[in-house]
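First the structure, then my questions, so here it is.
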Amino acid sequence: MDLKRIGVFTSGGDSPGMNACIRASTRRAIAEGLEVIGIKRGYAGMIDGDYVEMDRQSVSNILQQGGTILKSARSERFRTPEGRAEAAAKLREAGIDALVAIGGDGTLQGATHLANEHGIAVVGCPGTIDNDLFGTDETIGFDTALNTALDSIDKIRDTADAHDRLFLVEVMGRDTGFIALACGIGGGAELVLIPEMMTDVISIKDRILSLMAAQSRSSIVVVAEGDELGGAHRIRQALAEDPAFDRIDTRVSVLGHIQRGGSPTARDRVLASRLGAAAVEALLEGHDGVMVGIVNNDLKLTPMRNVWARKKDVDYDLLQLTALLS
Amino acid sequence: MDLKRIGVFTSGGDSPGMNACIRASTRRAIAEGLEVIGIKRGYAGMIDGDYVEMDRQSVSNILQQGGTILKSARSERFRTPEGRAEAAAKLREAGIDALVAIGGDGTLQGATHLANEHGIAVVGCPGTIDNDLFGTDETIGFDTALNTALDSIDKIRDTADAHDRLFLVEVMGRDTGFIALACGIGGGAELVLIPEMMTDVISIKDRILSLMAAQSRSSIVVVAEGDELGGAHRIRQALAEDPAFDRIDTRVSVLGHIQRGGSPTARDRVLASRLGAAAVEALLEGHDGVMVGIVNNDLKLTPMRNVWARKKDVDYDLLQLTALLS
Amino acid sequence: MDLKRIGVFTSGGDSPGMNACIRASTRRAIAEGLEVIGIKRGYAGMIDGDYVEMDRQSVSNILQQGGTILKSARSERFRTPEGRAEAAAKLREAGIDALVAIGGDGTLQGATHLANEHGIAVVGCPGTIDNDLFGTDETIGFDTALNTALDSIDKIRDTADAHDRLFLVEVMGRDTGFIALACGIGGGAELVLIPEMMTDVISIKDRILSLMAAQSRSSIVVVAEGDELGGAHRIRQALAEDPAFDRIDTRVSVLGHIQRGGSPTARDRVLASRLGAAAVEALLEGHDGVMVGIVNNDLKLTPMRNVWARKKDVDYDLLQLTALLS
Amino acid sequence: MDLKRIGVFTSGGDSPGMNACIRASTRRAIAEGLEVIGIKRGYAGMIDGDYVEMDRQSVSNILQQGGTILKSARSERFRTPEGRAEAAAKLREAGIDALVAIGGDGTLQGATHLANEHGIAVVGCPGTIDNDLFGTDETIGFDTALNTALDSIDKIRDTADAHDRLFLVEVMGRDTGFIALACGIGGGAELVLIPEMMTDVISIKDRILSLMAAQSRSSIVVVAEGDELGGAHRIRQALAEDPAFDRIDTRVSVLGHIQRGGSPTARDRVLASRLGAAAVEALLEGHDGVMVGIVNNDLKLTPMRNVWARKKDVDYDLLQLTALLS
């Protein structure tokens, strides 16, 4: 295809590094003589024609900023064929030949529908803190979210130690335990509960009681929000039903939205820059319907449908390592 | 009094800088030829005789650490005259002539009872993140907690902006709005709700709607946990009852315990070092039943009973400033 | 005076919080119905007419950013009466009635000349990391620079301890030791060298040797760049001349420009916001030729000539405290 | 081999994460019933018999600390066959069957000599911020050093922008450009100079002049300390010889030792924990003379001689990407 003008957008939950990715796509495209249109507020703005022309200056000084200058939004309309037809019409009207889509699996599914139904060329960049996309070893934002969560756990450890408390710390991860697992190892947690593993309340109780009964000490349990038992509050209730926990001062901390923001880490900036540039290169080479990722340190293209159809496994060895080291 | 041996302890909620204060008291006392006993787990350990001898090395490399190496705990027994008699007996047995008590108003009240009932000399250091003690412009830990909360608000702003959301961010402050107010100014919040001011739901709604209806944008409301309407979750419910809020994507973030931990800021380290040393000097000069503080940049001794009897006001001008600048 | 339009500018070395100050002045003025002109690149831009109209949006999302969106520059021309006449003419041409000047003593001196020679009303805000302005307990940027320096010293302590090294760490402070002193206390330094005190090489050597000869351990000496012996490199040379230092592994770290940048701390944001707003209020009340500051927690106006004519003393007690606690 | 007692030590320049690695080796070994001896001050302490018994508590609360609790030191004696014979004798005397060596190539070379000459089993862990060891995609400490350097560059960007300055920022990397390259991408640097590429002063000048002459703006050049032209100060001199640079305000910042310290990032903690545990497992499986590493996300053993004999290449594509995106 002879590309002239591409659109760039972010959609779904924001993640740190999205701006670095927007910058890379924009500058990489301009360096090739392409025109770049920023589509505001994801699919909602795509339908509304909320478009803005981008030059090199538009993406100045955003590399280090969290959030997304193009904003993100939900769009119910885009979930309908009619909505997508509107979006495609608006894109055509604006002379946009191809898209760089930055976001998680919902974003990429939407893009695939758009491509299949209306022939819009699209290449995806994996932007989500959850790291749950097949086709890339890491997603943009994961490393930053992880460090934010870990920094919080370090702070909680201070106060847990001061009072010999049990803390249940809930981190993000609706379907996956990537953040929880790495926080468990990195924060020296006594236990990690993730959606990928059945959580057995009895063995949790035993483990905590055996640790905390023997000697006065603190313990930290990292809980992924998507654990099938429910989040940290639910688990606290389950523990509280056992009278043995009456004398254990138990607290809950839900880290929540702070994990989405903040200046991206070095790793996320480099990853986002590489992927943002690679997405444009892939479009120029005629690829379509693929996501760019890094697998074993190399750039790799994966058909979009595989990205959400195939499951990326956490490293189960890390679960065992947590138990051995804590 | 001819001091030979002093005890140092922390009690109540921990705050960043307590370790710097322990270090300063210990080293200042040793430099004067005193012996120093660390009392573990606050009043609980005081009754149990959980004492440890301290030398210069005992407090090495703790200046920059959050939490408290002497730990803290609640003690129901100490709330009774019998418990305090036990504590006094244990202190006498260990040859402890005087105490440096580091903590908030509960800690200082306990110390005053001990002094009044059993003639134990005690000087207090204001250690609490809440900054709610009369007799010092700032308490040890306030500046660190404030920066931790503000750092979180900066991160939340990223994601609020990306989605044009309303965020209700709950910060610590059961009885006072010091953290909330400073976070409001420093975080560019649209509103700040504090226990010291009646919160009028109708005017809150008006303010938010007038800001967010006119244009798509984000807003942040900082809520002190002790606001008389209840915390952030309660306020969200109150807003949700109004149908005008149906189209405002509203989220709650409760920052919680992360505000207690972490390496103390420069300001808290200097404050804690000055106060910890000054407490020992006050004991050596024969003072008793006083808290050391910094008022208008100078060290000042305040009778303990005033510390909790008198109310330290927040700066109401800052409330108005928030509204003007946001 | 009946103000209609004010100019805001930053000049001299930048400091964290300048943007928060620009934001506060701008929004405070707009809230009073004033027009606000941003003058770019300090006095250089004032002469060149490099002016930009500011509205509320112009200062959106800058509260948390280091540097200055209005930029800063040196201007040789402005040091001459002719240059200042040009500047005054350009200001009049642009209809600017009064100025908010944000910077250090050079900035405020320049503003005073402009006021005296051409009758331009001006109120100053103390923006410098050095904290060396009379009339305010703290300057905008000092707290941030201090925390940046201290964070670096914490990191250096890790590596110093690992190798039992002596580190000479140079921090900013051409004429004053405010940063050095607070870093000394906060970083647990063994020695602090500041311009305000004569540095006696012999006693430095004795102190270091007595500390490091007795046992293998690390030591940190904090050196203000303006120490009359010269910076850290010079002091290292002086030590190296003594053969007793042959077996002490000595390193130098000059922290340099990192101390000027970075997101401002909570304290600097609140200070900058209060002073930026207060400067506009002072202009509205008819004040002129004054600097706004915070003295003993209250806003205070100080005649500009006093700001640089009078010396603000460091707290010499802190020097002694460093020695006692390290 | 039937292992009973292993020694763990760190040597060479310290790097963040060494403590996490010590902890993992120690606890992993204890979980297998082994005894663990900590050898203080690297090879110097190995010769001196500066040994300490380690239990699970010995490595408590060190996971998040920079530096190394076992300390590091240079040893001239160990460079001689006699010194190594002394070391081997002391190890045998202490009943140490095998070693976990944590450090860079000098450390691993020393360990190999010890193994070859005296039959001491040894497994190495790659601990160096430089990331220049073949056999692992990343070394322990690299990610932290990179983020520390990048954080400094972000701060310098603030002040560079405020004054439209050219900054030459020198980062660590005596022989390699790993840190420099990633900082270049992550910091949006205009140029990156690394030892692996010949630095052409003329083309550097052209690039800077073409960027900075056209419009007033800042530029950042990241220089690896080992660049063959010399460090940042030398390059500044080379630029200063050209009169075209008279009007470019050029500054140098040498980041230096701060890059070695600080609490390790999540990534470094996980890496160090995995490798520290894997080193013990390798010893138990009878491996010897190998380094554990992570290659393409999997644990891998590499013969030690390959670690320094083979060169690990930087990703040259990143150099080009820097130019395209800045």
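Per-chain numbering from 1; labels A, B, C and D assigned in written order.
Just so it is clear, a residue touches a chain if its C-beta (ideal position, glycine included) is under 8 Å from a C-beta of that chain, and two chains touch if they have at least 3 such contacts.
Every value quoted in this text rests on a predicted model; they were computed, and no experiment measured them.
Novice: Following contacts chain by chain, what is the lowest number of steps it takes to reach subunit D starting at subunit B?
Specialist: 2
Novice: Which chains lie in contact with each of subunit A and subunit B?
Specialist: The common neighbours do not exist; no chain touches both.
Novice: Comparing residue numbers, which of A-D, C-D or B-C shares more than half of the contact pairs of A-B?
Specialist: C-D
Novice: So, what's the distance in Å between the C-alpha centres of subunit C and subunit B?
Specialist: About 29 Å separates the centre of subunit B from that of subunit C.
Novice: In whole angstrom, how far does the Cα centroid of subunit C sit from the Cα centroid of subunit D?
Specialist: About 35 Å separates the centre of subunit C from that of subunit D.
Novice: I'd like the Å distance between the centres of subunit A and subunit C, where a centre is the mean of that chain's Cα atoms.
Specialist: Using C-alpha averages as centres, the distance is 39 Å.
Novice: So which bits of subunit A are touching at least two other chains?
Specialist: Touching at least two other chains: 154, 157, 161.
Novice: Mind listing each pair of touching chains for me?
Specialist: Per the contact definition above, the touching pairs are A-B, A-D, B-C, C-D.
Novice: Quick one: which bits of subunit A touch subunit B in the complex? Just the residue numbers, please.
Specialist: 10, 13-14, 16, 18, 65-68, 71-73, 148, 152, 154-159, 161-164, 167, 251, 253-258, 260-262
Novice: Which of the residues in subunit B end up touching subunit C in this complex?
Specialist: The contact residues of subunit B facing subunit C are 23-24, 27-28, 31, 61, 63-64, 137, 143, 146-147, 150, 154, 157, 161, 182-183, 185-188, 263, 265-267, 269-270, 273-274, 277, 296-297, 315, 318, 321, 324-325.
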